[in-house]
Every structure is written in C-alpha cells, then in structure tokens.
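Just so it is clear, A, B and C label the chains in written order, and each chain counts residues from 1 on its own.
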Amino acid sequence: METVGFIADNLDLIAALTVEHVSIVGVAVGLAILTGVPIGIAITQNRKVADAVLYTAGVLITIPSIALFGVLIPILSTIGHGIGYLPAVIAVLLYSQLPIIRNTYTAINNVDPALREAARGMGMRPLERLRRVEIPLAVPVIMAGVRTAVVINIGVTAIAAYIGAGGLGTLISRGISQTDPRQLVAGALAVSLLAIVADYALLWAQKRLTPSGVRA
Amino acid sequence: MITLDKLTKVFETANGPVTAADHVSMEVPEGEICILLGPSGCGKTTALKMINRLIPKTSGKIFINGRDTDEQNVTELRRGIGYVIQQIGLFPNMTIVDNICVVPDMLGWDRAKSRKRAMELLEMVNLDPAVFANRFPKELSGGQQQRVGVVRALAADPPVMLMDEPFGAIDPINREVIQDEFLKLQKEFRKTIMFVSHDIDEAVKMGDKVAIFRAGKLEQFDSPDNVLAHPANPFIADFVGSDRTLKRLRLVTVGQAMFDAPAVTEDDTLDRAAGVMRDLDHDFVVVTDRHGRPDGYVRQAVAEAKHGTIAEHHARLPVTVEAGQDLRTAVSQMFTHDVTWLAVTDSQGRYQGVVTQQGITHLLGKTYGAAATAGTAAAAE
Amino acid sequence: MTTAVIAFRRAPGLRHLLTLLLVFALGMGVQASGLVTDIMDYWGDIVFLSQQHMVLVLVSGGLAIVTGVSLGILLSRPAMRRWAEAVMQVLNIGTTIPTLAVLALSMTLLGLGFTPAVFGLWLATLLPITRNTYQGLLAVPPALKEAATGMGMGSGRMLLKVELPNALFVIFAGIRTALAVNVGTVPLAFLIGGGGLGELIFTGIDLAEPGMMLAGAIPTALLAILVDFLVGQGQMWLIPRGVNPLR
C-alpha cells in the first residue's frame, strides 16, 4: 500500500527516470543496429571471419555487466568519462552486438539458395540482390535480434545506475542503500514493466515488418 | 491368426460422431500377410491400431491366435506384437543394436542371446553387423533405417506383426528392394501380418490377402488376383485402377502361362522343323543347342521355302524369360523387342516352352469369362 | 603450424582457453602501469570472495537445475497439458524481468543475506531451464513415442529411455543460458548481502578505486567465461553421440 502511495506521489520522477532509461537503451541499441547489421552482412562473405567475429561477440556477452563497467571505468576515466552516460551506452552497445550480428548473419545465410540463384538469373547485381531480396527476407530475424538486445539491455541499464548513469535502476539502488522497500519495489516493478512492454512492442513490430508473403 | 469380429470405432468430434471402423470382420490365417488398403481416412490405420490398442475400440472383438486381446494386459499384448511405422521411430539416443533389443530387454531376455539374434537379423537384411551394430540411427540412410525398423519388430520373435505403411517414405527404387527383402524374411519366419498401405501395387506384390476399406467399411476381402479380376463394386474397380488387368500380370508367373512346344536342334533338317510347326500350328520353332538351351528359332516361311540343316538357316532369339519371372516382365520384354512370343527357360537356362501374347490374353480372359458365366448363372436363378 | 590451425578450428575448447589466456595477458599488459600491484593488494580478498562467488553459483545453479528440470518434466506430462501453456507464458514474461529487479524483489521478501541472494539467483536461473526442458520434451517426435508405446513401453520407462535422452540437447542449451544469466547476476548478490566478487567492484566504484574495481571485475569476467566454457564442454561430451548435433 505504501508502495502504491509512493508511486502515485512520484509519477513525475518515475516518468523522468523511464525517459533516461529508454534514452540510454534506445541510443545504444540504435547505434548497435548501425554497426551490427553491416557487420553481420559483411561476415557472410567469409566463414572464418564470421566464426571469429561471432565468437568474440559471444565472449563479450558472457562478461557480467558490472564487471564490464568495472573494466570500462578506468579506461574511460582517461578521457574524463569514467562514470555516467558514456560507459552505460558503450556497454549496451557491446552487449547488443551478439544478438544483432548473429541474427543478421544467420538470416542472410539462410536465404534459400534457390532464391539467390533466381535473383542472379534475373540479372540482379549483388547489391541489388541484397537490397531487394536478402534484406527484406532477413528483417524479421534481425528484428528478433534487436528485441533480444533491448530486453537484455534494459536489465543492464538498470545496473548502470550504480555507475551514475541514471535511469530506473536509481530507484532500486537507492531503495537498497536506504533500505526503503517503497522505492525498491517501485523501481523493480517499473523496470520489469518496461522490459515486458518493450518485449511485446518489438514482437508486434517484428510481425509487422515480416513481409506478408512469408508470414506464418 | 488374427481375427477381427464386428470391430467398430466411433470418434466423437466437434462435428458429431465419425465412424472410422464399422463392424469390420475378417480373419488373417497364420503366416499370411493381409494388406489393409484404401484411400486416406478410410479407417485402415484405425483398424490396425486397435489391434495393439493404441486406439481403444468402441465395440467388437479382436482375437490373436484365438485369444481375446481384451483379456490381456496391454503392455504384455504390445510386447508380443511387432510394430513397424512409416516414420520408423528408431530411438536416436540408442545404437542400432540397442534399438533392435528394446523389446527383448524389456522382456528380460539374456543380453548375450538378444544381441546375437540382433546381429543375425541385421545380416538377413544385408546390413553388415560389424559395420552397423554400433552406429546411431542418424548415421544410416532412410532405407537402412527402415530395414532396422523391420528387424526391431522381429527381435522378440512375435507371432504377429502390425505394419503401418512401413515403406511409404522410401524412394521407389529402394522400396522395391526392401519389399523383396521383406518377402524373403517372411518366407523364413511365417509371421501373421497386418500391413497398411495406400499403394495398390504394393498390395498386389506383398499381400496374400487384400482388405479394401472405404469410410470405415470393409468393402472387399479377397486374394489380390480376385480383387483385380473381380472388383466387388465400382468403387473398388476405380480404386484399383483402369489398368488393373496389367497389374494382374504381376501375380502370374511365366510358368503358369507357358505351354510346351517341342524344340529342334541345329543338326535337324528344315523339313523336320516344318513338320513340328505344322503339328503345333505355329509359325515358328525354337532351336536348342547341345545343352538344351534355346539358341535361336526358325520361321515357317523359311522352313517351307528352303532345304538343308537348321544350323544354316536359323535366326537368333533377341531375349528369353525364366519360368519363375512374372508375366509383367515377359510382356515388357515382348514390347521392348517387338515380338509376339518368348522362349521360356528354367533357372539354369534350359529350354522349357514358349509363352505367347495370345496365350497370356487367353489366360487373363479365362477368369473374366468364368466371372461372366457365374454372373449369367446368378441372373438366371 | 597447419596442424595447430586445424586443431584450433576443430576444438572450440582450445579456442576458449586461448581466449582466456589472451584476456588474462591483455589485462596484465594494460594494467602494467602499476595497477597490477594495486590489484594484487587485494589478493586475499579475491581468493575469499571468489570462493563465496562460486558457492553462490553452485548452490543457486544446482538447485535451479534440479527444480527447473523437474518442473519442465511435470509441465510436459499429458495431465498438465491444460495448464502448461499458461505457465509457460508466465515464465516467458518472467525471463524478461531484469535480474536486478528479481534480486531487489527477493530482498523485499526475505531481507538481506545469503538466502535471499540464493533465492533470487535461483529464480532467475530457473526459468530458461524449465522452458527448455518443457519445450525439449514436447519436441520429441511423436513417432518415437508411438513406436515406444506400440512396443509396450510404460510411461516411466519412456520418459527415462526415450523422452529425456532425446530432449537432452535442448535441456542442456537451457542450462547453459541459465548459468550464463546466473553467473552474470552473482556480482549483484553483494547488493543484497550475498557476498561474492561484487563487493570489490561496487566498493571500488564507490571509492573511485580502480585497483579494487579491477580486482573484482577481472576475476568475475574470467569466472563467467570459465563457467560458460565448462558448460559448453559438458554439452559437447556428456550428451550421447546419437542425439548430439555437435558431434
């Protein structure tokens, strides 16, 4: 009951923290799409490079986020941004690489070879083929990767509150340090809700982006 | 022996009850293969699966070797029935030999004994045990897997086998080979088998009896030849196909259609050859060599117009058939070589007689004639 | 040289190890500036907290495997079919909840200390295992079950001999994901009094003490990579060849 009261009294604060949270995830995942999709497409050209890239991204995502922050802080301190927004965005950017690169790579690789041959037979050049056949077919799978990245990183960003990045994690961290269950529960609920809403919204987007011809 | 007595299955569906088996009664004698045949959804698979109680029956009785299956424990019943399905269902987590020994192991057989039998069975289907016994199913081709599927059903030596379109997923060439192998196994083991198929050719080839189903009803239960020669109704005639007479060719051996025709040898004179032809009212005669093998033939026109020994004037035979082969092969050879008759040999290649197009037509026509007379007789009564 | 390259490509295990060494060397190289001595000042803490860290992983992960697999089996039984999909929906939503939130909620329920930490970690680890066990069992081809039933196999024997072995690879994949989540979350357990290497990281951040931070961060990262490596090896070698796509 107290928690409900707290939430009602602090809607403005919660809204502001949500905006902060979303902006970190949004900017970083947006950047990750800009880097990850081209990388994913590029590595379809060479199996060995693909293995190496996917493997590196796989190791990166295994590293616990707080440990990654711990490593980033001393490095970024050298340019005066050890804590705050920048390390949070960089961490999210790095964690988003695996799902986005992997899904792009798999999607492009899984395009039916017959389609590729048909496109070539019609005289499409490689870039035309990519733009008109392969990418449209790959978009839903890439979106699934984006969705995974967003859900993971809403959690990562919550932890980034501990390095002063703001966001809904602030409520949780304050709730823990001040042993204030109201803030803690409000923060936990808000961040969970954000993750669930984002998951469903992106699922919806993923379905909308699936060309109607290949929808299940 | 498998006996079905007024076996009935009614499925309750959203659109009301559907009868998948409607008072089906039949009897498969010991050691015979009965093919359950019909279009999809006709109830043949339902009938089969009621026997090992994978589908509970609504009413009726099932007896195996005279024993009412209702009185048996379901597990015990199933372990005593070999079961082969189209998807094969080999367990990917077990090696081939462990797959084969699943039922013997459940029955508590001695391990060494069951493994030994598994090896023997593998050998019987031309899979070298040394190579295949310890492989996993995914390391075998589809045809090899299905051979193992059949062998697995035989492992515990059940008197009865149920086979649900066992060769349906195999490519046509391999299917023929596996069917032949299976018939060879059956010759040795003499199991009582219920076998579901939707392929009339398979039914004709494999079945001692054929049971044709439509909409849950058993429409005809007869020998393959009778089903082809005398379809009980237009549905069956249509189902077995307008080329059903050609299909019957498979069921008759060359030996059955062959008749004796004396041969001549190379040393005989053309006059003698002409005499033989006149006696037989044939316009040809077969020439055999010293070992009694057909070597050529002499045409009537040649024999009457010329003189001398046969060795100087005989023509070569383009092809011969063995008495054990089916008529389909014989007819096919006739068409291929544009001839109206063939010399028939035994398995050693020795001359036996001849088979002619006219003779085949006459033989196939005889049963139709008999049916027509029977029909007339029935109408007269 | 060639053989080394081939071995490198054939054995992902070797690759993992090389990477471990590389990361280690890199960490050493970059921090040669004097941070190494700073980090080594915390050696005693590193050893003690690493042990706490591993105990948290083993206890919560072990419990999660046992309960997750059992729950997955239970949900896959025909008698549960009516509820199973609804439960899976809840579990799917559960997996999207950030782990920090799970730990925070665990603390409001159970307070501070080892138990709430284990409970929170267990909960976060449980879901992927349950989900994969359930889906893995459901994905066992119906033909296998029909063949087994037709041969007179009972349901218990079928579960042990047919269903579980054929779902094992999927179950293991779930365990791998779950343990990665678990190991990634363990450093946060410090926040609710669970101990572990998170203590060095969070305290280091608060005190702006890079040596302390790295003394926690580097072993945490190495432990995470090590656990993933071990589970990956387990997936490779513990699952029988017949049902293991990796072999």
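By our rule, contacts are C-beta pairs under 8 Å (C-beta built on N, C-alpha and C of every residue); 3 or more make two chains touch, one makes a residue touch a chain.
All of these numbers come straight from a predicted model, not from anything done at the bench.
*Asks:* Starting at chain A, how many touch steps does it take at minimum to reach chain B?
*Replies:* Minimal hop count between chain A and chain B: 2.
*Asks:* With centres defined as the mean of C-alpha atoms, identify the chain lying farthest from chain C.
*Replies:* B
*Asks:* Higher C-beta contact count, B-C or A-C?
*Replies:* Looking at contacts between chains, A-C has the larger number.
*Asks:* Of all the chains, which has the CA centre nearest the overall CA centre?
*Replies:* If one averages C-alpha positions chain by chain, the most central is C.
*Asks:* Can you compute the centre-to-centre distance for chain A and chain B, using the mean CA position of each chain? Integer Å is fine.
*Replies:* Those two chain centres are 63 Å apart.
*Asks:* Give, as an integer number of Å, the spacing between the C-alpha centres of chain C and chain B.
*Replies:* 57
*Asks:* With chain centres taken as the means of their Cα atoms, state the distance from chain A to chain C in Å.
*Replies:* About 21 Å separates the centre of chain A from that of chain C.
*Asks:* Show me the residue ranges of chain C that touch chain A in the complex, using the header's touch definition.
*Replies:* 9, 15, 19, 23, 35, 93, 96-102, 104-105, 107-108, 180, 183-188, 191-192, 198, 201-202, 204-205, 210, 213-214, 216-218, 220-221, 224-225, 228
*Asks:* Which residues of chain C touch chain B in their complex?
*Replies:* Against chain B, the touching part of chain C is residues 141, 143-144, 146-154, 157, 161-162, 165-166, 168, 240-243.
*Asks:* Would you mind writing out the residues of chain A in touch with chain C in their complex?
*Replies:* 51, 55, 59, 62-71, 73-74, 77, 83, 151, 154-155, 158-159, 162-163, 169, 172-173, 175-176, 181, 184-185, 187-189, 191-192, 195-196, 199
*Asks:* Quick one: which bits of chain B touch chain C in the complex? Just the residue numbers, please.
*Replies:* That would be residues 52, 54, 74-81, 83, 85, 87-95, 102-103, 106, 136-138, 162 of chain B.
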